[in-house]
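Order of writing sets the labels: A, B and C. Residues in every chain begin at 1.
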Amino acid sequence: MKNSPSFFKPDGLLVYAVLYLTFIYLPVLFLPLFSFNDSTYITFPLKDFTLKWYDKMINSPDMHEALFNSIKVGLTVAILSTILGLLAAKAVTRYRLRGRGPLVSFIMIPLVIPEIILAISLLILISQAEIPLSLWTVGFSHLLLCIPFSMLILISRMEGFDRSLEEAAMDLGENAWMTFWRVTFPIVLPGIVASLLLTFTISFDEFVLAFFLSSTDPTLPIYIWSSLRFPTKIPAILALGASIFIISFFVVSFSEWVRRRGVKLEPTSRI
Amino acid sequence: MKSESLRGYSLLSPTLLAMVLGLAMPLVVLITLSFWIQDYLDFIRTFSLKNYTDFFQKPIYIKILFKSIRMSGLVTIATVLLAYPMAYFIAFRVKHNKLVWLILITVPFWTSYLLRVFAWKIMLGYNGVINSGLLSLGILSEPLEFLLYNPTSVVITLAHAWAAFAILPIYVSLEKIDRSLLEASRDLGENVFMTFMRVTLPLSLPGVIAASLLVFIPTVGDYVTPALVGGPRGIMIGNIIQSMFGKALNWPLGAAISVMSMITVTLMVCLFIWGTHNFRKRVA
Amino acid sequence: MEAIMKKEDIIEQLATGQMSRRQFNKNLMALGATMVMMPLGSHMTQAASTDHPTVFTWEGWEIPELHKAYIDKHGSSPNIAIFADEEEAFAKMRAGFKVDLTQPCTYKVPIWYDAGIILPIDTSRLSNWPDIITSLKTIPGTVINGQQYFVPTDWGQTSVVYRADLAPEYVNNETWGILWDPKYRGRLAMADSLIDGVMVAAIYIGAKNPFNMTDDEVAKTRAALKEQLPLLRFYWGSSSEMEQAVAAGEVVAATSWNDGYTKLKSEGIDVKYMNPKEGAMTWVCGFCLMKDHDPAKLDKIYDYLDAYMSVESGVYEIVEYGYGHGNAKAFEAVSPDKLKALGFSTNAEEMLASGIFQAPIENEPALQAMFEEVKAGL
């Protein structure tokens, strides 16, 4: 901490960070609270404590299926769009490309185009090609949506990247792949992580494209959106939201704990 | 030179291929549709500017488009300003477990968007947390009704929903800054604030730009949030477009409104990039 | 959950640089393989049921309890695709989504017929057809050129649900007018739709035929909607949104379907469901056979319809959902007390006769555009 360039009063920034986390977490924390509340309606005052919504959640296979569909699509899309975004960002920042401007704008179109239009035209295209609707078609549409996000993040990371580092590596006899691996990759890693996190989140929450391009396996947002008609279904969905939240929180803490232990036991294993 | 361009393109080609495959057709459909006319269930497939004249002549579309842009602008400013110190904190103050912080920030956003909107209703609603709290403290005698179902609640909900989209890009660009530059600046006797203005902020600008775009562009077209927390006067251009393709059954007009909204957003974005570019030049 | 954990670990190790490159490659390959396998896996389960028809319907009406006879006969439920609103379903089908059966409401049938996406249904193949409530069989717009294009299965009312404790003066004066009462400014809600929203305004202004209004009546409806806008808390898109607000006392009165009333009541909230003097609306939903259906699955399609129309399904729908069912015998199978508690009169025909049947709306797109303008404050 001593050598770190801290420009604001250290405490001020820490206090802000805590306040900000409270802002992000506070509304979300009401989900677990109401998931234990013995009432169909999500209003104050709270009634008795109950576990019946969790019981309902565990006993609704449709919900599980929708959840796993969303996770599958989300993971696939996050990885693919980050790979494609990385390649594209590298091409754009590393090489002088003719027509760079228009190309980048073209790739950014999914950000501007209303999702309903993307959804309907893709559906027309896909049904013309006689490709049956499935999670693949949902995934493809999410990929289109996510690539601009990946690319923008990675471009902002790679812009101004010192090319001489790569050239030095090449001069030292590394091939292109090894150069990428040893020099470029570690530098863009924070961008890759950010891209994976964001694109997973986007796909996991996306509704319009998923509705139009899915067939008989719904994703979680479709399931939730269509369940809004039934207030009796909502507490179980809250229970699911709370579980996702608590489990991810636990997983993060656990992996951090494992990492710390790992560091202690095998300090040399780091590269 | 030529081979460089070629190499660049070969790197770009998979992405470009996916995009051409998925985007060329929607764009063609969109533009063609916008020049057709809806006739009950069919389209009159001759070139016509009717939808565009409708767009400019009926006050509703332009009014709502500008309202949406104003609201998204507010959301973007709020989100980016609030996110910057947080990103700064993670980039410069957190030493060993940055990833944990990044995930900590993303975890709330894995609990489906619709549920988070519900959560905001619990916060802002008539019997919600804020009203109940103020009532029990004796500050209020009647619950406040203006907290929910108006444009303000849309802005609050969106600013919350897109927080991660602002923090991550800003963090990524702050993380890139060479620490020795900051130390050099301080060694030269610059104070904290000047170092921030002259070194940190300009260098993190790509991230700020990316964050602003990632928040601004998609929120202009959002229709779920306004529909759920916007109340009777909270609708945005996305709701209008959605209704043209659904309830109002006028795809061509919906397409024309989309084209106009895309053009407007693109112009706004260009203006913004040009502005920040100038700012960067001036600082440098 | 396992999938998430895996991803977290990998990112974690990557970010801290703990993972060796070989390990990373291995993980990458494993991930790639699972990535490819996972969607394939779901594809296979789907492939296993390709001999079943696909039913495109509302969430909640796809549950096994409503087509038990089909499962008994064919071993499992058909393939289900879900929609949350008919207009989006229509857009999806027009863009190329192929299904065998859909479940719209009556007022959509003529438009779907005009769009050429539905086919007549051979009622002689349905053993439960004779038990269907007679007045439901001939709702205008569902019988075209003497052919049946619609099998009515579900019905209910659109009326006002209101808090009797908060608006006691309406208990003996039930009228749609409560939705225009300035006393409840900011405490009212309307459905965000033509059929359950704009048509309410049309009934309120006394339109002779709300579903086919004169220009003058349209102007009056518009004025009524404009007058109402500042009084509204919101237009509801999903009934749970409305029910939450009524339960909280945030909203005093709202348009609602009868199941909303049933649910609020069962949660112990002091609500009443109006029988407005201007008349409540009756909605009827049911099945349409799609032009794109697979002829090889026709037997199963009719089996599904028949199962849905059975007394068994009807009793479930009446008791669990609080909706009406098309099968008259289903009403006889529920005790009169239970029916009364659910807000049904024991004679379904009588109840249907007292309401205004929702019919296809003339000039729907223009009315929708008008509604959008009002909502935009114009």
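The rule is simple: a residue touches a chain if its C-beta (ideal position, glycine included) is under 8 Å from a C-beta of that chain, and two chains touch if they have at least 3 such contacts.
Since this is a predicted model, take the numbers as computed values, not measurements.
Student: Strictly by the touch rule at the top, which chains does chain A share as contacts with chain C?
Tutor: B
Student: Quick one: which chain's Cα centre is the longest way from chain A's?
Tutor: If we average the C-alpha coordinates per chain, C ends up farthest from chain A.
Student: Using the average of all C-alpha atoms in each chain as its centre, how far is it in Å between chain B and chain C?
Tutor: 32
Student: Where the centres are mean C-alpha positions, what is the separation of chain A from chain B, in Å?
Tutor: So the centre of chain A lies 16 Å away from the centre of chain B.
Student: Please output the residue numbers of chain C that touch at least 2 other chains, ranges allowed.
Tutor: Residues 8, 11-12, 15-16, 88, 91, 237, 241, 244, 248 of chain C touch two or more partner chains.
Student: Mind pulling the residue numbers of chain A that touch at least two other chains?
Tutor: Each of 42-44, 120, 124, 190, 193, 225, 228, 234, 248, 252, 256 in chain A touches at least two other chains.
Student: Where does chain B touch two or more other chains at once, residue-wise?
Tutor: 98-99, 103, 121, 125, 127, 245
Student: For the complex, give me every residue of chain B touching chain C.
Tutor: So the residues of chain B touching chain C come out as 38, 40-41, 58-60, 63-64, 98-99, 103, 121, 125-127, 145, 149, 227-228, 230-233, 235, 240, 243, 245-250.
Student: Any idea which chain A residues touch chain C in the complex?
Tutor: Within the complex, chain A contacts chain C at residues 39-44, 69, 71-73, 75-76, 78-79, 120, 123-124, 126-128, 133-136, 139, 181, 186, 189-190, 192-193, 196, 200, 211-212, 214-218, 222-223, 225-234, 247-248, 251-252, 255-256, 258-259, 262-263, 269-271.
Student: Under the touch definition given earlier, write down the residues of chain B that touch chain A in their complex.
Tutor: It comes out as residues 1, 4-5, 7-9, 11-12, 14-16, 18-19, 22-23, 25-27, 29-30, 82, 85-86, 88-90, 92-93, 95, 97-100, 102-116, 118-123, 125, 127-129, 132, 160, 163-165, 168-169, 171-173, 175-176, 179, 182-183, 186, 192-193, 195-196, 200, 206-207, 209-210, 213-214, 217-218, 221, 224, 238, 241-242, 245, 251, 254-255, 258, 261-262, 265-266.
Student: What residues of chain C sit close enough to touch chain A in their complex?
Tutor: For chain C paired with chain A, touching residues are 1, 3-5, 7-9, 11-18, 20-21, 31, 35, 38-39, 42-43, 46, 54, 58-60, 79-84, 88, 91-92, 95-98, 237-241, 243-244, 247-248, 263, 267.
Student: Where on chain A does chain B make contact in their complex?
Tutor: Against chain B, the touching part of chain A is residues 1, 4-8, 10, 13-14, 16-17, 20-21, 23-28, 30-31, 34, 42-44, 84-85, 87-88, 90-92, 94-98, 103, 106-107, 109-118, 120-122, 124-125, 140-141, 143-144, 147, 149, 151-153, 155-157, 159-160, 190-191, 193-194, 197-198, 201, 204-205, 207, 220-221, 224-225, 228, 234, 237-238, 241-242, 244-245, 248-249, 252, 256.
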